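Before anything else, here is the set of structures, which you'll find just below.
After this come two complexes, each holding chain A, first together with chain B and then together with chain C.
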Partner chain A sequence: MVLVAALMLVLIGLPVLAGLGVMLAQAWGQGWPDLPGLAVGLRLTLVTGVGATLLSLAVSIPLARWLWARGAARGWLAPFLAVPHAALGLGLAFLLAPSGWLVRLLSPWATGWNLPPQLVTVGDPWGVTLILGLLLKEAPFLILVTLVAAANLPVARIMAEGRSLGYRPGQVWLRLIWPQLYPSLRLPLFIVLAFSLSVVDMALLLGPSHPPTLAVQILRLFTAPDPALQGPAAMLSLLLLGVMAGAIGLWIGAERVLAALARRWLRRGVRGGWRLDAAPVLAVSGVALGAGAAGVLLLWSLATRWHFPAALPEGLSMAAWRAARWVAPAAETLLIGAAVILVALLLALIWLEAEDRSGRRLRLGAFIVLPLLVPQIGFLQGLAAGFLHLGLPPGRIAVIWAELLFVFPYVLLALAGPWRALDPQQVIAAASLGAGPWRRLWRIKLPLLAGPLATAAAIGFAVSAAQFLAVLLPGAGRVQVLATEAVALASGADRRLSALHGLLLAALPLIGYAAALWLPLWLWRDRAAMKGSA
Partner chain B sequence: MRLLLAALICAASPALADWSETLAAARGQTVYWHAWGGDPRTNAFIERVSDRAEAAYGVRIEQVKLTDTAEAVARVRAEKSAGQSEGGAVDLIWINGPNFLAMKDEGLLHGPFVADLPNAAYLDLSEGAPATRDFTVPVEGLEAPWRLAKFVFAYDAGRLPVMPRDMVDFPEWAAEHPGRMTHPNPANFMGATFLKQALVSLAPDPAVLALPATDETYAAQVAPLWAWYDALRPNLWRAGRAFPENESVQAQLLADGEIDIAMFFDPGAPAALVAQGVLPETVRVSVPEAGSLGNISFVAIPFNAAHREGAEVIANLLLAPEVQAEMQNVEVLGAYSVLDPARLDAPARAAFAAIPQAPNLPGLDELGPTLPEPHPSWMTRLAEDWARRMTP
Partner chain C sequence: MSLILDHVTLAPPGGARLFAPLDVTIAPGEVLCVTGPSGIGKSSLIALIGGFLPCGFRAEGRVLLNGVDLAGQPPEARRIGLLLQEAPLFPHLSVGDNLAFALSPRVKGRAARRAAIEEALEQAALPGFAGRDPATLSGGQRLRVSLMRALLAEPAALLLDEPFSRLDPPLRAEFRAFVLGHLVARAIPALIVSHDAEDAATATRCCALAPPAPSG
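For the complex of A and B:
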């Protein structure tokens, strides 16, 4: 047990400490940087980060209720969860720009526009498009977490009781069920908040550029030619960490106040309220935006020429697919993803099996989720510098280690639930038949957990494929994966190339999810009773 | 036969004997060339060069596609401060201007190496020749030229019959066509170049621009530029409150019809983008009557490059006449050669004569006078000053 804890601390804890430590060291003694646009960037960071989190939470409440009653429709969540931020951001940019597909579809017959309208959409100075992009990614995550938590609650019974008391279903959900789910939502909410406050790839694709959010300003400073800007960059990373801590503090304060106010509102028990259900509208808009983003990526990747205001490209060809150098970044994405999920699964198995054998819980949870709660930009720059000092050159290994920090918590979380829910009778039965701990693990636990293992791997791969900064900074530009290529090509002239990379980036994790669903079915194709557990 | 000849030549000249050692050491190396990756045709050309280098010398190029050259400079700097004096991640950088000045000043570069390259014989490296100065900073053999750059505007002649004749005419044009032009953010090289192009046209005494900027000279020379810009800005795309990240994003805006004018630092770029199907066929190139800025793109090798010999082999190969002619071919890349025509032999001249022409590809004679680059300190100050003035 001590050995296992030490292993986790070295592989996960050490880099976390190194990253934060180097960041602090770089910021040490730095004055306050005098940068134009810092105040606006800070405001933008707060507005987009907190705004996206609040909106995601707000839409997740009715949508989770709506989806709870519709098991089949839950399948629509998977693509939103699997598709990386960069791919979705790219698709949304091509869809929503003033010369984007949406306006092209309506012009000139409905709008009269022969030239793109002088509207401000993608890259708007208020960050609205960025919030929308984040919302499309983060709300499904919160919905999923809500649904997982709801599975532990007798939702149907509470619903029936609430309805019999005269509440509408939406009210039952909001008043009786959701408050009981909220504790399970807190950590995911903080993760969403930390991510939204420090997101770089989506902010580059959808956010304002003049000035950009704080995280993008920090990236610009870290990569500026003037060495004197490294210190201010580390200083601003520290500021971002402070913003993050402050936002969580405010959030906890707001929880208290809201809880007090809401208690009175709950006690009054007003029936009635809106008949209108926002959930179907939200669901359809979200799916339409996602499908539009995927569609425009597909069309652009196949377009010969596509000038405004044509609704469709002049012609379709595979030229971009034949010419583009996409094989290497796709292979690199797969290779790094495979390595990361292999290590992450192994570590998770060691963790959980060690808990089983010692009968005690490993109390390192807070350490494991720390990388998800600190702003990525300063932490990863510190980590890259720390790796360099430790003699680990920038490259694939550094990227795999950095990604592991973000993938492992999800893999562990995805596996821990099913692992602990495993029927102990089976294991006890095996033990009574003389099977040792290794045999029990190998012959009983792992086969029974084939489905959850595949799911954890698919989630891990989706998280890995989505990493942008964790490749860019520790890879020093040497490691090129689909996410970094898609974002880099978005600032090139040829939209077909960035669309192609974006599409591939979206497709790989989806294929991973599909494989995770299919694998247990194939494995247990002649074991009817095993299919239920998948 | 060739080998024998090479052996004879090597024996005759000590410099070339060194070169054969370089070739031997380079064999099998992979050169990490950090080059701006926003232009797929340049990326494809780099792959062609890699194929040639692999066939001829057993050297492979791995292009590290940068969104900004400063990323590579930052990487080398980080390695230096971490005490890594060999085995560096960066072998070769596509570089010029302020990035070169920064690396030169901080001692981050290997060299001088240019004079040792056999193909340097095709370059005019005499005192004061364009290939010996990078933004007025003496190159001193620390970077090898590989392609010419000259500032041009591109416009869609199908939509826009008349281009403004000179830089001074832009505010009036923009007032008549509000929202129809923009320039890249001056934090980007191309955006700063646009301001600099206006500066050399509007400065009261352009001769001062060749010297490092002081507070006094800066204030005096830049005042007319900001007056001009303040008149222009409100009529820019998105009311001058947002700017494309670089010239490629700006080219997308031109292709989409969001703006009417784009700008490039490569006269062949618009024709190349038309050939690619990105820009419409009606796009033409235009140069201000008074002339435009021009310079040369270089490659430099960091002091701690892991594959220094391979990088030198690539720098040399880039200067081979057949590679330069292929580069100038618009069907391949369309970037103008840096070689001195007077120093080419007959087969090299024939290679250049065989390059196809295109309607939107201006001849060298149509590009107008080349204005000298100001000292890099002007560009750095301009970009910072712009950021301070124009960032909300």
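For the complex of A and C:
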């Protein structure tokens, strides 16, 4: 058990601390960097990060209630969860830009525009499009977490009790059910907040660029040819860490105030209010935006020529696909993803099996989620520098290790629930038949958990494919995956190539999810009792 | 070849003893029925003897199987078979593979193992069931497979936790006779916990768990 704990600390905990340590060392003694656009960048970071988190939370409440009663509709969450930020960002950019598909579909018959309008939509100086992009990715995550937490609550009973007291379903959800779920939402909310404050790939695709958000400014400094800019970059990373800590602190304070206010409101027993249910409208707009983003990526990847006001390309061709520039980054994405999920699954199995054999819980949860709560940009640059000191050059191995930090928490979380819910009688029965711990693991536990294992692998692959900074910084530009290529090509001239990379980036995790759903069904096609385990 | 409980009692985490120390010897072929009100620790007694007592439970006394103290031995080394209330089969394995999982590795060769499994199924009056999905079995069929599975592992003793309580009353007598017949034939000691008076009547011997003495 001590060995297992040490292994986890060395592989996961140490890199994070080392990365943060190097970042602090680089920032040490640095004065306040006098950079143009810093104040604006700071404001943008706060507005987009906190705004996206609050909006995601706000829409997740009615949508979770709406989906709770509609099991079949929950399938719509999976694509939003699986598709990487960069792919969605790229799709939204093609959809919403002044020359984007949305305007093309409405022009010129409705708008009268024969040229792209002089409007700023994507990259608007207020970060509205960036907030929208983050909202589309983070709200489904919060909805999923809400639904998972709700499964442990007698929701139907509380709903019946609340309605019998004269409250409408939405009111019962907000007043009685959601507050009980909130404790389970806190950590995911902090993860969303931390991510939104420090996001880089989506900010490059959808956010303003003159000046950009703090995280993008830091990336520009880190990747600048002038090594003297490393210090100011580390200083700004420290500032971002402070912003994040401050935001989480404020959030905790606001929780208390809001809880007190909400209790007063609850005591008044108000049952009125508007009857309009926002959930269907939100759901349909979200799905429409997602489908539009996917559709425009597909069209552009096949387009021969597509002049402005035309709703569809003049012709379709496979030229961009045949040019095969996508093969190398796609293979790299698959290779790195496979390596990362293999290591992450192995570590998760060691973790959970060690818990079973010792009968004690490994209390390292806080360490494991640390990579999700600190600004990626600062500690990943520190980590890359740390790897170099240890003799690990920038490249594939460094990228795999860096991605592991972000993939492992999700794989462990996805596996831990089903693992601990496994019927202990099955394991006891196997032991009473003379099966030792290894045989119990191979013949009973792992086959019974084949579904959750496949799901955890799919989630792990989706997280891996979505990594942008964890490839860019530890790979020092030598490792090119779909996510980095999609972002790099977005500012280039070839829309076909860019769309093709975005489409592939979206498709690979989706294929992974589909395979994870199909595998247990195929494996257990003759076992009625195993059907529900996926 | 006997199972000896030497002043055995146990206490839940942070709690007092559940029952007065139990002191009993079960001879080969003998079936001891342990009765007592629910909550007194009948299932925990099974867990203690089987070796899978949850963390935090305190056990006192000794459990001896064929003269060997079982303390500290993992469940898989104890050679104690189990027949649990729901008689659960491994849902991912076919009926035949459930039995093959239990069959001693000393039976070598694919044909020999298949024959041993088919023989066990015939004894359970379920010939040709090897390829079936466990989920398609009735409660009584599952119980019979579960017993055969326990016996194929060649246990030195067998523990039964209210094995008949989930069956319809008319079936109970039939299965009781089936199970007890096999136990006597194998000449191994068996302990059955139950609060069914019929179970108690068919067992060779009976003892009731009593609340602990106030001083204990």
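General observations
Just so we're on the same page, the second predicted complex is superposed on the first by the 533 of 534 C-alpha atoms of A that agree within 3 Å, B and C clash if a C-alpha of one lies under 4 Å from a C-alpha of the other, contacts with A are read in each partner's own complex, and residues count from 1 in each chain.
Basically, contacts are C-beta pairs under 8 Å (C-beta built on N, C-alpha and C of every residue); 3 or more make two chains touch, one makes a residue touch a chain.
As the structure is a computational prediction, the values presented were derived from the model and not from experiment.
Placing chain B and chain C on a common chain A by superposition gives a fit, with no clash between them. Contacts of A:Pro447 after superposition: chain C is touched, whereas chain B is not reached. In the superposition on chain A, A:Pro208 contacts chain B only, with no contact to chain C.
Look at A:Ala429: by the touch rule set out above, it reaches chain C but stays clear of chain B.
When both complexes are overlaid on chain A, the residue A:Ala493 reaches chain B alone and has no touch with chain C. Judged by the touch definition given at the top, the superposed model places A:Met530 against chain C, while chain B stays out of reach. Applying the stated contact rule after C-alpha superposition, one finds that A:Arg305 touches chain B and leaves chain C untouched. After overlaying the two complexes on the shared chain, residue contacts for A:Gln480 are found with chain B alone; chain C is out of touch. In the overlay built on the shared chain, the residue A:Gly112 is in contact with neither chain B nor chain C. Looking at the superposition, the partner that touches the larger set of chain A residues, chain B or chain C, turns out to be B.
Superposing both complexes on chain A places the Cα centres of chain B and chain C at an angle of 140° as seen from the Cα centre of chain A, in steps of 10.
Fitting both structures onto chain A leaves chain B and chain C with a minimum C-alpha separation of 49 Å. Looking at chain A, you'll find no residue that touches chain B in one structure and chain C in the other. Per the touch definition, chain A reaches chain C in the complex via residues 359-360, 423, 425-426, 428-437, 440, 443-444, 447-448, 450, 524, 526-530. Within the complex formed with chain A, the chain B residues making contact are 32, 34, 37-40, 43-44, 47, 62, 64-75, 77-79, 81-82, 84, 87, 89, 98-99, 102, 106, 179, 185, 187, 237-238, 241-243, 245-249, 251-253, 255-258, 273, 276-278, 280, 387-388, 390-392. Across the complex, chain A meets chain B through its residues 36-37, 40, 97-99, 115-116, 118, 120, 123, 125, 208-211, 220, 222-227, 230, 304-305, 307-309, 323-325, 385, 388-389, 393-395, 476-478, 480, 485, 487-489, 491-495, 497. Chain C makes touch with chain A in their complex at residues 50-52, 55, 74-76, 78-82, 84, 86, 88, 90-94, 101-102, 104, 133-136, 149-150, 152-153, 155.
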